[in-house]
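Before any comments, here is the structure.
For clarity, chains are labelled A, B, C, D and E in written order, and residue numbers in each chain start from 1.
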Amino acid sequence: MTLLDVKDLRVSFGETRAVDGLSFSLERGRVLGLVGESGCGKSVTSLAVMGLLNGATTSGEIWFDGQELLGSDRRAVRRLRGDRLAMIFQDPLSSLNPYYPVGFQIAEAYRAHRRTSRKQARATVVRMLDRVGIPEAERRARDYPHQFSGGMRQRVMIAMALCLEPELIIADEPTTALDVTVQAQILALLDTLRAEYGTAVLLITHDLGVVAGTADEVVVMYGGRAVERGEVHALFEDPREPYTRRLLAAVPRIDRPVPDRLETL
Amino acid sequence: MIVYLLKRLGAAAAILLVICALTFTIFYIAPDDPAQKACGKACTPERIEQIRGQLGLDTPIPEQFASYVRGIFAGRTYGTGPTAVECPFPCLGFSFQTNVPVQELLVSRLPVSASIAVGAAVLWLLVGVGAGVLAALRKGSWWDRTAMGAALGGISLPIYLTALVLQYLLVVVFEVLPYPRAVGLLEDPAGWFASMLMPWIALAALYAGMYARLTRTELIGALNQNFVRTARAKGLPERTVVRRHALRPTLTPIVTVFGMDLGALLGGALITESVFGLPGVGKLAADAINSSDQPVILGVTLFAAAFIVFANVIVDLLYAVLDPRIRLGTS
Amino acid sequence: GQGGGTASAPQGTAGAKAGVLHVLASIDLEHLDPARNYVTSSMDVGRLIYRTLTTNAAAPGPAGGEIVPDLATDLGTPTDGARTWTFTLKEGVKFEDGRPITSKDIKYGVERTFAPEFPEGPPYARMWLRGGDTYKGPLNGEGLKSIETPDDRTIVFRLNRPVADFGSAVSMPFFAPVPKDKEAGVAYDNRPFSSGPYKIEKFEPKKRIELVRNEHWDRSTDTVRKGLPDRIVIDLNLDPAVIDQRMIAGQGEDADAVQFEPIGAASVAQVLTNPALKERLVTGESINTRFLSLNTSRKPLDQVKVRQAIAYALDKEALRTVRGGPIAGDIATTLLPPAIPGHRKEDPYPANVAKAKALLAEAGFASGIDLVLDAPATPGGKAQGEAIQASLGRAGIRVKINEISSSAFWSTVGNASHQHDLVIDGWTPDWTGASTYLPNVLDGRFIVKQGNQNRAHYDSTEVNKRFDEIAAMTDAAAAATAYGELATRIMRDAPVVPFLWDKSAFLTGGNVTGAYGHVAFVGRVDLATVGLKSAR
Amino acid sequence: MTLIRAADIPVAEPAVAVSPARQLARRILADRAATAGVTVIALLVLMALGAPLITALTGQSPTEFHPEAIDPALGGLPKGPWGGISAEHPLGVEPATGRDVLARVVWGARLSLLISLLATLLATTIGTVLGLVAGFQGGWADMVIGRLMDLLMSFPSLIFMIALMSVAPDGNRELMLVAVLGLFGWPYIGRIVRGQAMALAGREFVEAARVLGATRRAILFREVLPNLTGPILVVATLSIPGYIATEAGLSFLGVGVRPPTPSWGQMIASAVPWYAADPVYFLVPGLFLLVTVLAFNVVGDALGDLR
Amino acid sequence: MTPLLEAEGLVKRFPIRHPLTRRVTGHLTAVDGVSLTVRRGETLGLVGESGCGKSSTARLITRLADPTGGTIRFDGRDITTMGEATLRPVRRDLQMIFQDPFSSLNPRMTVETILSAPFRYQGLKPEPGQIAELLRRVGLRPEHAERLPHQFSGGQAQRIGIARALALHPKLVVCDEPVSALDVSVQAQILNLLRDLQEEFELSYVFIAHDLGAVRQVCGRIAVMYLGTVVEIADRDELFAHPAHPYTAALLAAVPIPDPRIERARPRVVLSGDLPSPANPPSGCPFRTRCPRAAERCALERPALAEGAPGHRVACHFPLDTSVDLSRDGAR
């Protein structure tokens, strides 16, 4: 069953066309990897789905669970946000408000959509922090973002995104700012939780390796369009488009003999 | 933290001491000889010498300075014998012209200055911050452009110009307000308000402009922060997003700047009080300068500097309290 | 008359013995301590608080210059060729605490002026009383022998020279009684003990002084003061323009107010073109003469032709205009103002630029001269400086203005080494008469390095000798005439150029009555007689 | 008084399009208000420079008295309505003296602009050099310069300036004003330059220059300083109106230049008593002052606006 | 022949200051006893996670920072304490390429000025055509000389940075993450270029990266850093085939491979816990807090960098590869 269906999405900022006729769809509980080089329009796409684009001209259709988002009134989209549609950003430090404890920020997300007591929200927060692997969750909930390490901050962001058990998580380069070992931790965590909650994930990244390990389907973007899309195994084994092929060849891989020269675009 | 506070206060005291020494030197090597002025119309050189001794002006300047500083902490006595005058702690000197310890003058003038400063501050915060927030939220709109244009105009208005135009229009032409006079808030609240209104507006016009611009810049900056985007992504209503997530970081710089401005306000009060003829600390300074009453100038300068310096200390502490990153340190 | 050509009579008649009189002053009260009180504004206020042996009559115009008995029963009895003066105190005169005023209190008050701690007062006691040159004041417990108090009501002064008008001199504040037990050193300034109709309730220097009725003052012993209002509140240090505008508006409390200083030039038009305001305008005469001192010790001002050229070139009309025009006074043509006995109506140097140029050329300065003018750094000082600059400029006299901060002005120009060529100068005698005027500013033997008052540095043996002769005269009328002749003689040398005989025009509130300008206080309102039509 | 705020100043741009001059011109032409501001400033400067010419053309000197234009009996009120505005005196005459207001205003502009520009130059030079050294060198130099700035900024500067000017000897008042304004003005510029220099000191191109063997001086003045011209220009522009207003304020309070040199502050001060009787006399220099300050603020604002 | 660069026991310590009080509250040891040698013509790789001290090491080697301890010999000379002036001629032979291509170019200077700076600062003058030649060599056109840095793409800007480093024909170039900020396709071009230039100019490189794939592509020998220390150093193929340090192994396992079949089949080695703070390093072995093999001894004793197989040195009490001789540490 299709959860998210993006049809002919076009976004432009004045003269620059950031997204130029992008279409893709995502089934419930599945992971869609959106890959592409810097500036190809990945983030803009994610913000368009979340309804968080400011000052852009947008056209096309975005269907979420049978509801068209671009044409809906802002209030309705806002109610979806955080509740059924959650997002994880690239830089967890700047994405958390330095003035409030993390527990408060998670509880805020929770209480924005569920009428509960403070105490209940608190319990949920502690449970979620514990769930994403933050030790001493009860105490750490009162700490401020700058008191956490990069990986821990990203765990907080994940806890925040998952506390309402959304149907779709958009993760925009969730591990780009992290080290490989921490990246492995976060990807593993995301994978476990996704399976547990049955959440669909739109995983945005420029790292083909990450997509290869996580996604069910892949969309390769270039210049605001999808140049190729397909099931992950098929796409990696037999890329149709020369762009995809070259992109794959440009990555220095540790599992193959060292080539004399790397392939370039 | 306590150690830090003590250190900071120590540094503040050192700055004050240097300011005190500089001011002291400048005024005491000035061509105006207080003894000569005290001598009056019929004066002879011998009498000047006598007076110099009486006022303690016959000792070397460093010694005079030392007694001055000692007087601040321990009080001091001017002259000897039956004409001696007690100047109790914190003795900021003794006005040669009014025969009153300077701190008494300051204390008697403070209510007027405080009335002007506090009222103006309330006014400019309300107007300035309010206009700045609205402008930031409606960035690029008609309101934004008008408010920012007005802010620039406010910043460009010299206080005495505003003051005189207000007085001409409100008092002379339209007669809606009386001439300002020094009325105590408790004696006559209505008269106090009527008298203070023009000084408030004159002073606030300048600062409201600055605060509107500051608020706008800061709020626009805050609205572009990633965490504001996160707050929106949570599905929070826009009002909550602005109030809780964007305004909070905006407030920190405003509060700190406000602290510093309030500390430095005595300077602005000088012109306001002079124009409206209100007997505040600023007017005291202006009059003392006009009559070369060095102890009063020195006392007011020191007092005003102390205000600035301690306001800065408070601002630093406030900054730490407001910003958890500084309050808690980075782990 | 047009803008107060003559002194007006006191407004209205009887005032109520009640109410709060407000006085709006743009200046400070310098010193209220009688030993230090030596400026007309403080003397005007001092007259409310303490009484002196004699005092000026309460009357507008030159009549105010008359000296009448106050604490004393008469104007004093001279003996020994006016070298010994004896006064008897009235009965029933009391201090604010009810104790009688005795001759010892007067003696103590006079002795205080010798103390170096109180330097500001007049020099007469130090100059005239025997032993005054070595006496250092009573603060160390020592008294002055040349003042005798044979009983509580008699006081005898023994002088080192004949002083014909000593009876006038004792009208000065330092002849006010000070009880010895109230001595407070320099702090006495803030709360002098009252012997007059009012006592100080609250004094905030440079801000406000509030006087309340002294219940022990007995009206029957005082022919001068009226003591009408219950309270007198003097607001100090207000902005002059604001005072003018408040007086013009005359709302609320301001109806019960008088202004202490003359209205500013800027307000003249508003007042004179409005009949209702003109009603409330009071003009007082004064015995102040404003003149430009020419420093005869500096080249080329040592040449009489150059000084005369300046006298011809100075545009007195322009100077008067920047001070407010005709309302500010009459153009001065000689040294002595009309209110001073001995005044002669003459104008030796009528304005004449051509003549000035000619005189300069004769003196060998056809291409002009450069001079520096000392002027106080006040708006008025600036304006007068510019007027002098512009008018002398027409005759080729290039003037540079040297501004001196107003408080340091007199001590600077009184210092021979700091003084330049021209000084914006002036003089008010201590009482109506030339004896405390011409010798003070033009006797060459009084030229001193510091505290100099002869800022023309004028030293003529002939004139000096004449000063001594006149001082020895015991006939006041003859002395006055002699001074008048001498003034004419001096003006031939043109050491100074008189340009204005001050007048004072001030506004009173609609509810104020009995206000007139007193000649002794340079035309300021006589506070001792003002009352309110009705108390509110 | 606070002259400039850090918040008004843009941070160093990572990449700047063209030369500062061209960039400046482009930004100003894009902004209508700024264009107006520049035009006004240009006119004012022209007026100041051409003051002798203008007064020669009108035949009025700023110091000549015109008794015929005023009425002495009314305290020297200008004859005729609107402060004595006439063909001869297009902006009226000064009460009590009859001096030509236009002549005084144009000569006053000369003084105001000269003093404020020189003060800006002085403050900017000191502030830039010391701020650069403090921000870049850090450590000891930063401590000393930082303390100095703290000290100067803790002075109640207006009170102190007035007091200083009132006891200052009667020499060249103009230069003294410049010195006093510059002395108390430079820390505000220095603090901003310091912050910017600190930010730039961490940039990799500075490291690159060091790796290439550049001397400290070369780094400061060849690598870092050119990147600061933008912010410095903005700060300097924004500080000019402050100096104009302060100079006028000092003259207003009677410690500025000496007469008969006309200055706007002095004209306003002498107009204060007349504001009820002759408002025009007060409004003319007042408006000139306001317009000048506003023009500089508008231009500085346009320069400082981050796109 | 002596090695080109020999660093011995380098230490770099920074004071930690309270943000408000500026008081020194402790010390952060960014580099904690690093010893490295670079032979002529070789490329030494330096890998490790963020904050492990790679850049600090680079800055020490190039003397942009003063070492707290240790010695640096370059080309036979001890440069550890040389002053700026004596160091200047040495700098011709010791150059650097930076991570951020834009930040490392002065935005106010044209490419021409940027590329003539090396000559200028050394008191030289570029010969006519030399700049154009440099540009050509890094794959840019001579007309690019007139442009300002922001008019280039990231890859082009990095080429300018490379041209600048090579202008004076240095012997050693320290590259601090030269490709981390670039997209894969551009990264490949730059890696190729660096290799080409090495041959042509007979360069030696210290190549710093956190991306193991990139390091493997260009380096002959590789040192792995963790928390300010080198934990393992070996020839490239040896290191990738037989990682001896548990950290190296975890690092290799964490690198995602862009092939779903391989990637999903690989065993996941997920390290537990966070990187310790260099301000408060654990006792004994710095890696022990996250090490699956940690034992009591690891907390007590810091393992020395010991040679197992020839040219393969590892700092671990319990290394993984049997080829590493354990006997010296003694079995417990």
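Here is the rule we use: a residue touches a chain if its C-beta (ideal position, glycine included) is under 8 Å from a C-beta of that chain, and two chains touch if they have at least 3 such contacts.
Chain-to-protein mapping (UniProt): A, E = ABC transporter domain-containing protein; B, D = ABC transporter permease.
None of these values were measured; they are calculated from a predicted model.
Engineer: So which chains count as neighbours of both chain B and chain D?
Structural biologist: C, E
Engineer: Which chain's mean C-alpha position is nearest the mean C-alpha position of the whole protein set?
Structural biologist: Here the chain at the core of the arrangement is B.
Engineer: Between chain B and chain C, what distance separates the C-alpha centroids? Give it in angstrom.
Structural biologist: Spacing between the chain centres: roughly 40 Å.
Engineer: List the centre-to-centre spacing of chain C and chain E in whole Å, with centres computed as mean CA coordinates.
Structural biologist: 91
Engineer: In whole angstrom, what separates the CA-based centres of chain A and chain E?
Structural biologist: So the centre of chain A lies 32 Å away from the centre of chain E.
Engineer: Could you say which residues in chain B touch two or more other chains, in rising order?
Structural biologist: 31-32, 172, 274-275, 290, 292, 325, 330-331 - these are the residues of chain B that touch more than one other chain.
Engineer: If a residue has to touch 2 or more other chains to count, which residues of chain C qualify?
Structural biologist: Touching at least two other chains: 245, 405.
Engineer: Among all residues of chain A, which ones touch two or more of the remaining chains?
Structural biologist: Within chain A, no residue contacts more than one other chain.
Engineer: Would you mind giving me the full set of chain pairs in touch?
Structural biologist: Result for touching pairs of chains: A-B, A-E, B-C, B-D, B-E, C-D, D-E.
Engineer: Which residues of chain B touch chain D in the complex?
Structural biologist: It comes out as residues 15-16, 18-19, 23, 26-27, 30-32, 149, 152-153, 155-161, 164-165, 167-168, 172, 210, 213-214, 217-218, 253, 257, 260-261, 264, 266-268, 270-271, 274-275, 282, 285-286, 289-290, 292, 297, 300-301, 304-305, 307-309, 312.
Engineer: Could you list, by residue number, the parts of chain E that touch chain B in their complex?
Structural biologist: 18-21, 23, 25, 277
Engineer: Could you please specify the touching residues of chain A with respect to chain E in the complex?
Structural biologist: Residue list for chain A touching chain E: 37-38, 149-152, 179-185, 188, 206-213, 232-233, 236-237, 246-248, 250-255, 258-259, 261-265.
Engineer: Taking the touch rule as given, give the residues of chain B at its contact with chain C in the complex, in rising order.
Structural biologist: Contact set of chain B toward chain C: 31-33, 36-45, 47-48, 50-51, 54, 79, 81-85, 95, 97-100, 105, 108-109, 171-172, 175, 178-179, 181-182, 274-277, 279, 283-284, 287, 290-293.
Engineer: Under the definition above, what is the set of chain E residues touching chain A in their complex?
Structural biologist: Per the stated touch rule, the residues are 49-50, 183-185, 187-189, 191-192, 195, 210-214, 216-217, 236, 240, 250-264, 268-271, 274-275.
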